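Chain lettering (A, B, C and D) follows the sequence in which the chains are written, and residue indices restart at 1 in each chain.
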């Protein structure tokens, strides 16, 4: 049965597994001091066009968000996010658990609006008497967003400019960054992101790695004593080279790009299949997450033929479901979906 | 050059890597809900003789200690540990970072003494007016200890009895548990540990796994909402099956035991070599960490022939160094150490 | 110049100061173990009709909210509040600082709506897969609210019933509780509140005390080791009797009631004066906070004759200001306001 | 019955109470923005000879220690203290609760030894590989100590010099500072302390105030957003002027000095009485805390005639008790103690 459940169902791109196996018996310095981490960082510096980038490799996405935010903020500051942002809605309160308020803005297709951000910050910093209100200390956004949508270069530039004016870091959650970069609709390159953001992470877990995220600080702004702080968060991986070698591999011979491209191409095919069956997307996502709202009876029938994931109940009779593509999705799988949709009709 | 730096230098036992590769393309439920985690738990229940054991799989040791302690303690309680305990000395304050005091007892060969524990608890609980002093809420110990030493069954039983009397959990850090279990000098079996401790973890990172630790709750005492709490700590692995399949493999066909036995056998050979060269152990460790104090000149000469790790400067002229064996250590490597020691003389 | 700035401008009702002075040289047990605290608790038990009430005396409002919420919640839980609730908007992130998310509901005249609360809780607890979302662990409301409005007995009963069904504590912030109790429009008595809420605090700082709040647990549910937990929060007052003697005094001969009544009577006079000048209230507050929106020119002119507080800028030309009455407000002061409004006209 | 229980039994010096009563009806700016706080700060600047001193007024001692340490430290740093220091032993873990390790040094008459401090810091900062060990970020000491002993100017200077070299703040807990300053044996003046320490607090609660501590930053080093941070800790007093007016009073006409002098003079008389009865001090305290070890039978007999406090059980037959003097202790009370000792004999 073809599976479109998510992009962390099948584990790693085979090249990643092979690279790990290849260096298994090497003797390596622990805690990220090894040469694979160094090589990965060199390659990321090149790919981002940011020779001074500092990279810290971590295991997972919530961990990376929590550590980036907790170490970039002063203890009394909060982080601004769309109300639909992952840190606001789906990380079990990990940001608040580390002591910081998530200050929410409305979401528009999962994105924050530069104008609303500016209004929020203007209001806070214009008033000298806001000691009883949490100070916004940084801006969080995800790209692609939780709804698969993308910021344009103009949008990200506008947000970055506001952040610069208020001297606060702009941080991008790139859990699925590879799919944004491979998307023909996107005009944002990795060097653009490195220039506009003060920190961001290049997601590995959902983009071909076995696991791991590369947290990049682009402005000489990696918090001091970072290794100790990561250790305090319980997040320091003894065998740090496991992370290094994966990103070294992903950024060799364009593998990260290829992983993204396969998912995006298959997603395009999948969208075409949905269109053929007159099923409009529930969200305007150009990336590897495709949402569609169907009658519950059809959801049930489809579930017997294809694996997908439940997103949310829309009303008493309809449900939004999600299809996700990744490095392992094939055109054959999309064809099977086409057939399944044909069989169950509407 | 033969390497005895530590037991997390070479990555995983080949069988572990193969198992991961084998299931790479399987579609699996994320966050630990998969059948590999379930199978691993079945095997651990069997190996511990504890059919009701609950197991949560985590990525690293400090993370496991922090989460076990933070979720087993009430917010106002502290954890009792030997002053040399890993949580007290080498985890960058991760326990205090999560809000809890580490209440220290003296160390004796790295171990806590049941009598001193009893005196501490008697003093605290006899006095009704200790609201200004941190309440001891659990006991932490490591087995083997940070010095490679082992608790006897009598010692662990005495400590467990005190904990029962004061109704506080006894928690064992088993980062290197496999080496304790494989040690002929030890009379403590895995079922003994499961019976005497309320929680402990079976170390994978240092005992043949690529990474991962299995946190075991033996008395139906896994904290409620554990998955959310792990997520809040930033420690929930999306691809939880990576942990499940590793422990499934380690507890199939006695692999965990074999990994321990190879290290212990090579350590015995290594100790014999040291004895032959009249080099007494600096600590009375029967496990896979072997400490020896040498003149600095000899340390320098040896370092050109063998990889080991620096432990501590003893005085102006002498240094304690550490040799560690693991699944990948061979008798040939020990012979090379023998030759190296012969060449440099004393 | 008559002052209506707030209800913590003039310090304490004279009877409170006299009571403190009277016992100054008594030798008293520290940390709340004295007989004045015991007497105050007896009187509060009587006034609340709740003989089993447990009372902990604290210094200030944010402190009381932070401690009540942090000790009633499990570490992984969040607190539900109106978005306008004090803990959500004006406590500098003190709740998040202690690790808990404030889960917001819309405000209706500063209040939460039972139906919306039920929808939120139904959605959370109906779904078994919400481990990545913060669990609502208690409900916070203020009475009077931040806008001076009041819950009816029917509204509070509906909310309490929902909380009971989901077995979560209902907590009331009573910073200005005395003004609610003295308000003729209110049908909620102190015994009603004690019956419907699991915990609430009787505000002293803003209701005639020099400082201090009485945190009441009504269901035998005071968290264990409360004194230690308060100490950990840095909130344990060495001279606890200072709090005890104040509440003993406020609950003797109906002083707390009298303080409330004077403020409410003066507020009624003040509202009449505003009505006479055709100035409608900006919020429908029946208590001691009166909001009115005026043209900026009028605000400026009025500020030369009367002290009030700025609330918020409404638009380019208008501002909402706030008048507050308390135990020290006199009818003469209201008459002066009347004259001032007459002089400046509209 | 004469009472020597502690210096927070009788509440405030009458002049302090009168000052509060006098300004009760004044209209004052809340949260410390009032002119009494400003005046108090002026007077403290004068008394400390430190015109640039910044002062934040807080309610209690543990609160002040917790906030000073948490705001002066980076989140990853710990605070060095004598093992007998109040923050290490008697604050219910308030420092660890705020995330910081208390790094202990041995105590010598309750004091830390400059040489041992230097060894600790040298060892930490000499080694570049201590990322897994908590970084010492500041030094805490109390003056007088928990045992009533005092640092000499030479000792404090030596400690301050070490702190300067390592660029870490030196912080003094002055809960009983008034008694140190009034002690003829002490060569440390308030200007000395302001010069040598980076922050310290002038204790009010135990030195004549109703309550309150003045936290002084002497080097332009008050943490930014201090008011918000204090609010986050739940420690911001709405009626901040209550603190201001008390310190204004204590630093007018030498009241703080007089309070200290009375206690020290009465303590000298008390020590003479003990000497007359051949009762040697258990600790070498020259200040207002006097410790003496007596047979349990004598403790029991004395307790029927005089109020004192229990300190610790020394052995099966003897107990150390403590006498404390303050502004309200009279020579008559000491004479009554003399008689009581005479009556019970030895």
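Convention: contacts are C-beta pairs under 8 Å (C-beta built on N, C-alpha and C of every residue); 3 or more make two chains touch, one makes a residue touch a chain.
Just so it is clear, the structure is predicted and the values come from calculations on it, not from any experiment.
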item: Intersection of contact partners for chain A and chain B; value: C, D
item: Label of the chain whose CA centroid is most distant from the centroid of chain D; value: A
item: Pair with more cross-chain C-beta pairs in contact, given B-D and B-C; value: B-D
item: Interchain centroid distance [CA atoms averaged], chain B/chain C, Å; value: 51
item: Centroid distance [mean C-alpha coordinates] between chain D and chain B, Å; value: 43
item: Residues within chain C bordering two or more other chains; value: 75-76, 91-93, 97, 131-132, 134, 228-229, 231-232
item: For the chain C and chain A complex, residues of the former touching the latter; value: 75-76, 78, 89-93, 96-102, 131-134
item: Chain C-facing residues of chain B, complex; value: 31, 70, 74-76, 131-132, 134-135, 224-225, 227-229, 231-232
item: Complex contacts: residues of chain A adjacent to chain B; value: 3, 5-6, 8-12, 14, 17, 20-21, 23-28, 30, 59-67, 91-94, 97, 205-206, 210-211, 228-229, 231-239, 241-242, 307, 328
